[in-house]
């Protein structure tokens, strides 16, 4: 069985980090799939998904880490060519990757106690985002 | 067909890197699935999985890289708030991600000759860990 | 349904970045699978897959980012031990990871408008590469 769901988000950009765990949990429940996987995919080149303990300290630290690793004020060939100022957004998204896959066991998303699913919008402006959930299994 | 297996590990923390290839290979064989995928997932916000050539040089280099990128002695908002000293562990785990998915072809895990599956425990203390393997296919 | 395909590439190494979107799209179409996922996997410890906007600015920026994060001229224990000079290649590949999974919806690969699938060869010499596509679904 394959069931496709979408999550619609309003994101502010600039490494805006959103907890999407409850939406993913709800989609898995609605899918009727008991055991399998959910692949969470960003159809975008300036956003990503991963997991984290969703508390303000970790979020602040993660934002600073991305700023240190891939500075938003650095020189990027992408910006010189296209003038949209989001060269760093593309690099951060490529580095983190577009997808994660989480097991579903007895209709439950198999997350740790302190582990939440996050969507990160690395782009430089607010925008509407649609994430794809591909839920597969029995 | 969907088959769930678990790998139980004793990890020492502090970027302890464990080769779990033989456990994953054994689980795939026991599953009875000939062709499909195994998703390896860490239900934790301070550990990750990836692949590497498992030899002491690469392991030493990887440990040093994480120390350079996300220092264990840096200032982290997470630590100020919770006092558990594992702010860097959370960041390293988020950056590397909680899951990888490996094809299974004719009951074999499709790894390269010099490629092993590793679990990395980024937390700051020894602990017991359980990794989830979701094996799917025909 | 499970369908395995391979992509054969000639890569130059040294963070050679190749757009494999059209090969992945063709493989998905040939598989006959309408809805599901394709897992793209590098059976190698010195190459990776991710997505990016495939334009020369982003590619130049990504190459520079890897050089800054994991220098090709740094000291690596792997190189001292094995003398093959690709210690940085192993680290970059482990960090980026060996796999991504992309949803297939109505026979289409679910990519964003400006999002391409890339293979990156981090090794230090030209070589022939084979990537595995595991296509699963209905």
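A, B and C are the chain letters, set down in written order, and residue numbers restart from 1 in every chain.
Rule of thumb we're sticking to: contacts are C-beta pairs under 8 Å (C-beta built on N, C-alpha and C of every residue); 3 or more make two chains touch, one makes a residue touch a chain.
Keep in mind that this is a model prediction, so the values were computed, not measured.
Visitor: Using only Cα atoms, superpose subunit A on subunit B and state the rotation angle in degrees, rounded to the nearest 5.
Guide: Between subunit A and subunit B the superposing rotation measures out at 120 degrees.
Visitor: More than half overlap in residue numbers between the two sides of the subunit A-subunit C interface, or less? Answer same or different.
Guide: Subunit A vs subunit C: different; shared/all numbers falls short of half.
Visitor: Just the number, please: Cα centre separation of subunit A and subunit C in whole Å.
Guide: Chain centres of subunit A and subunit C, defined by C-alpha means, are spaced 20 Å apart.
Visitor: Of all the residues in subunit C, which ones touch at least 2 other chains?
Guide: Expected reply: 69, 95, 97, 101, 136.
Visitor: In their shared complex, at which residues does subunit C touch subunit A?
Guide: 35-37, 50-53, 55-58, 60-62, 65, 69, 95-97, 100-105, 110-112, 114-116, 118, 136-138
Visitor: In their shared complex, at which residues does subunit C touch subunit B?
Guide: Listed in rising order, the residues are 1-2, 4, 39, 41-45, 69-70, 76-82, 87, 90-91, 93-95, 97-99, 101, 132, 134, 136.
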